[in-house]
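Please go over the structures that come below.
What follows is a pair of complexes built around chain A, which joins chain B in one and chain C in the other.
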Partner chain A sequence: MSRISRIRFLAACGACVAFLIAATIFLLAIGRPPLTTLAQMAFYAFGDTYSLSESLVKATPILLCALAVILPARLGLITVGGEGQLYFGALAGTAVVVGFPDGPIFLLLPMMLAAGALGGALWSGAAGLLRARCNVNETISTLLMNYVAVLLVNYAVYGAWKDPGSLGWPASIAFPPAATVPSLWGTRVHIGLIVGVIAALILHVGVTYTRWGIALKVLSGNRKVGAMVGFSFMQQTLLVMAIGGALAGFAGICETSAIQGRLQAGLSVGYGLTGFLVAWLSGQNFLRAVPIAILIGGLIAAGDALQLYAKIPSASATILQGLLFVAALGASGLAGRRSARYG
Partner chain B sequence: MADETLLAAGSWAAAMLRSSTPLMMVTLGETLTQRVGIVNLGIEGQMLCGACVGFAVAAQTGSPILGLAAGAVAGLLLSLVHVALCLGCEANQIGSGIAVWTLGLGLTSYFGRSVVGGKVSGLEPLAGPGFADVPFAGPILTQLTPIAPLAIVSVLIAGFWLYRTRTGLNWRIIGESFETGRALGIRPMLVQAQGTLVGGLLSGFAGAILSVDYTQTWANEMTKGRGFVAVGLVIVARWNPFLVLPVVLLFGLSEAATLRLQATGLTLSPYLIGCLPYVVCLLCVVIVSIREGRVGGMPAELSSVFSRRS
Partner chain C sequence: MKMTGPLVTLSAIRKEFGSVVANDDVSVEIGGGEVLALLGENGAGKSTLMKILYGFYQPDGGTIHINGLPAAFNSPRDAMARGIGMVFQQFSLVPALSVLENLLAALPHAPWLQRRGSPRVSEALRWLDQLAPTLDPHRPVRNLSVGERQLVELAKVLNLDARVVILDEPTSVLTPDETERLYGFIKTLATEGKAVVLITHKLADIAACADRIVVMRGGRVVDRAAARDRSAEDLVEAMVGRGSMGSLPSPKPPSGDVPMLQVQGISAEVQGRTIREISFELTAGEILGIAGVSGNGQFALAEALAGLTPVTHGDVVLASVSIAGHSEDGGIADEVAYIPERPRDNAIVAELDLSLNLALRNARDLPFFPARRDIDGRARALIAAYDVRPPQPSLPAIALSGGNLQKLVIARELSGRPRLVIACYPTMGLDVAAAQAVYREIFRHAAAGACVVWISEDLDDLMSYAHRIAVIHDGRIAGIARRDEADRQILGRWMAGDAAGSA
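Take a look at the complex of A and B:
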């Protein structure tokens, strides 16, 4: 093993240890037996078929949102817009369902999914356009646009799209069967998961083995050199932002259709933010994002289960995510410093 | 007649100042942090922590001043995480900021449950109700607490300190060039840590102002992205504390204006109106970003982390 890869391996181990220590301290602080609780979490995440399927349900939007962060990162862009793209995608996809609730399945379902992806692509592409044309920092614009997208969904479900039959509950009409994303294996897992995995594979091949990948690499390193050999930063920015946004928007409409069955305000429990975490844990690598998304999906599913059975608020899952993020960033930062020393 | 106009103008000014005070504090904090070459997106989480802890302490002790102080300390403590990650481990600053935000979000929604529905009494207004009819100054004096003038004065002091004192100069040197700073015998890490911690203190304080003095409630995620709006406004204010004042006040004016419009019977969904701060902030950032080359002002060391421009 080369020195650099040994340092990377040690960093990953160090991050795990640091996270376990931090998680133990947190669990002790809230007065829970740390070992039992962690074992319980592992069980509720992957212990039986039902837990596993719930973990995969959570992992689906997380994976798609992570891909939406990784692809722009390959061009050197840092977007935190998964949440907004997910919401806007859900909004655009629901517009189709609200407009044509009686459409036949072979028309309604693909139209809905396409509208969802298109919505996400537009939302993210807007930030990309601002970046490429006006030099607006994409991190700021995507963060701000997250809040706008959430408010727009609220506007729709409290306003024009509110289902009169829902007795005041702010939600759109229930999606008809023709607009329900098919589920897999008789569980709540839906085709969004398959799409996410395939997208990760395609994107990995795309950025690793094609001319496009070289364009991204050159442009992320030095834009002037990229321009000299005929790569357009503007074009690539729009492209990666739009593809990423389309994936997150697709996640949004799938979540709405398959899991919630209607558009409502609390559509996502921070999947965009969790996707960002997964993207960074994977080292902006598409393939590694798949298992990590499933692990983190398990953490969130376990958080929900613990809330139900052990009365630990599910916010604990957010704290654990934060601790994991801190541990991973610290370890990879230290590893980067070590490997820089060895060239 | 003239009196009424003046009173209306006064109440506009009061509304503008009230809504922009927390934002002014957090924008000032982020400005100082970015002046030493550190971007801290975690101020959103620090604000939340400040709001939650400040509210809890104010509700427990019944003293708003203690609450504000506790909120500031909470923001400071959370910013220690950012210092440890960015300076101790040389981690990516944007990633670290998001991690701090996640932590703040989780911690406040976990521990904030116990303070939901608590009661706090805000600070006393500057003047009693007897002054309400004084033209222009009346509404300002009766509606504002000492926090608003404090925020304005701290912005001015910070600007004066940054541009007119030796330590302020040291901070600006570090923001422009670590190498020059080192050659002059300034320790970049130390100054950067100070800058980040000051930002943490001010953002926690801003959060506490929001929960203890302004809304006098605590709710989950109550800062609603004000920290990120502040990061945008720092860009608009060109990293200059003196410019923070007009930028934040104009921003507060637009917020107050929409609230007033709504009160006049304009039927517009509160959710659409809620979009306005983010849209206005984004538009301002777009406008100054287009003029980037001409207006300048970004600390040079910042450009390597924040806007990769090659």
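Take a look at the complex of A and C:
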């Protein structure tokens, strides 16, 4: 066991080294001083309170979308639907705000959040139902439903829900204070982060220590035996897809309400896909997903800041992010093969 | 039997796995044209020895000579190049591919294109046509019975022009017909000058076709002789090492006459095999043996009785309660113990540890937060009671050998108080002592009043222990006979498809 954890540790170190080498080469190629730029990035990610808070803001939807991938993965399902669930959650939550813009906070806010989570759950649950009942591959269906959800939001903000006061800008009305998710510590960080971390903890305990976790392990290992001992693959598929979708949908409505203040097209900058990558980097582990999501959030926030202050094109941050993913996935893949040899 | 110097000589082979000595100073000579039976209980080291010859393991000591020349095999590929082929207990066929595709893929130069009537195809099929003339080579392997898979595996090895053919427990999964054909086949191979090594713990195999016997126990050779010089008692004593075990006493006839299990005209379909209108009744404590050529609906019958597959007609009633399945997800009734065929696929979760696999029987009734210590403690007790080796509850089930996996499933299923026991090939892969322990366990439940449906292809065992024997053919019951009325001729006719009424 210790041998395997040592391999894991070495893999993490190897990933860092590989990333630094690749990043250096890339930065040299675009004519930037590598050390300074990387140090700047680190600063803009976690250097002061403001940078840290912005990193956490980015990390929140990524974490929630990662959880929405990890839970189905524990049943052996591979979903890439975080993006669509996030959009549909935002759409469903916004429907409440558009419908009752003058509702009191104690009604409007919980209703809006519940609708967001429910929307995500339905969107994801539909893919789960297709998988459980008709054996439709969940990877394909969630992928395709992403496009549908994004376009539905476009349809709403270009059409019926367009704010007449926004002078043609495709967005819904601004969310009233009664529909604004509370922020924390006077920054833009909002309760979505707390919900994400608590959800990660609860899900970790759930899959590690409960009968439910045993059911997931049995069903993902041998569905035939699962059926024999009375665990229902269909039920569990619906459950994990719905819970995952609810988390992603919750991320969508939080992002809309707390960060953007209104529903608009392009509400997510690939949080769903980034969440998917975080899930795989974490080895489908809820607890490990938390720091990894924060790290990736930092990278994205730093990219934005660099673009602003250092005039580095924001695409370079995306490229650096890509290099980090490749380095980390490569290293963890190698580690997996090694530890399989010793395990 | 002609011998012109040994084809293979294994000298002073030693192999250790950690602290366990699997082979200790083992020397065996294998001559061309002879059938050598390697006899011993589970864990006696016979499979290990042959896997060393096959290049699967490297010996820690000792030498291998082929035709008098030293040989060192780093992989089965090396061994195959020197004409050594082995058929394992656990098959290495690709379930999704057809029989023909599996055979083609194993040829040294597998063709890119598969054309009907090409010389490669007839080359791939040349042995299969002799071994299993009725097997359609275009059927996918996943639909084959265990016995059929083994024949395909054997054809695969023979296709590679092996001069030494090692068979690991080949008859444990075959029907009497298939077994007879295999015996004949083994003798043919020997007359063609090939050396055949038969790893076995069945004395019938030796009586039928062995020329020479090497008996192993605890990693050492304890006896070697010509087959005709040893009686069955000698061999059991050498193998078990504690005097002849004798056979089990036959279970007492059931006392009651009120039917406890009523199978009422059930029809079902599983994996393309159907059963149609099967009916029988068992009283409490009665053991019904189900014989038949494999692939005639045994699996579908077992699954339907266990309630794991929906029945399209009829009902299964146990103690006045219907236990027939009505959906795919129903789960097994608490009072039913089910030992399915191919336990690796059908009864365990390979990645989970032994503790959890043992806890699965009543997984639904576990508390929401199961106490890991209780699960482990119970597992340790079961592992000790049923002699599962290695006795480590934290090991993933996939690490167990076939026989120990079987014991694990039996420990889980038979440790409760079932009212119906469905046992499919329950002693497959087990040695004499372990098999007797399993039978004793099953009979204990019968004596306590459980109905037992026992699917087997071992007619000798069925005729010794079952109260009644039914024969399944083409998804129907061809006939049922009491033990004292059953003889091999009648059962054989039923197995071939003559129904009882028309006989």
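Just so we're on the same page, the second predicted complex is superposed on the first by the 341 of 343 C-alpha atoms of A that agree within 3 Å, B and C clash if a C-alpha of one lies under 4 Å from a C-alpha of the other, contacts with A are read in each partner's own complex, and residues count from 1 in each chain.
The criterion applied here is as follows: contacts are C-beta pairs under 8 Å (C-beta built on N, C-alpha and C of every residue); 3 or more make two chains touch, one makes a residue touch a chain.
It should be emphasised that the depicted structure is a prediction, and the values quoted were computed from it without experimental measurement.
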### Task
With the two complexes superposed on chain A, say which partner A:L38 touches: chain B (first), chain C (second), both, or neither.
neither
### Task
Could you look at A:K217 and tell me whether it touches chain B, chain C, both or neither (first, second, both, neither)?
second
#### Entry: Broader residue contact with chain A after superposition on the shared chain, chain B or chain C
B
### Task
Applying the touch criterion given at the start, work out whether A:Y209 contacts chain B, chain C, both or neither, answering first, second, both or neither.
second
#### Entry: Partner chain in contact with A:I140 - chain B first, chain C second, else both or neither
first
#### Entry: chain B versus chain C as contact partner of A:V98, first or second or both or neither
neither
### Query
Does the superposition put A:S232 against chain B (first), chain C (second), both, or neither?
second
### Query
Touching A:L334, do we find chain B (first), chain C (second), both, or neither?
first
### Task
Could you give the residue numbers on chain A that contact chain B in one complex and chain C in the other?
222, 224
#### Entry: Footprint of chain A on chain C - complex, ascending
306, 308, 328-332, 338, 345-352, 356, 359-361, 363-364, 366-370, 372
### Summary
Touching chain A in the complex, chain B uses residues 41, 81, 84-85, 88-92, 94-96, 98-107, 109-110, 113, 224-225, 228-229, 231-232, 235, 269, 271-272, 274-275, 278-279, 281-282, 285-286, 289-290, 292, 306-310
### Query
Contact residues on chain A for chain B in the complex?
30, 76, 78, 80, 130, 134-137, 139-141, 143-148, 151-152, 154-155, 158-159, 222-224, 270, 273, 276-277, 280, 313, 315-323, 325-326, 329-334, 336-337
### Query
In their shared complex, at which residues does chain A touch chain C?
209-212, 214-215, 217-218, 221-222, 224-235
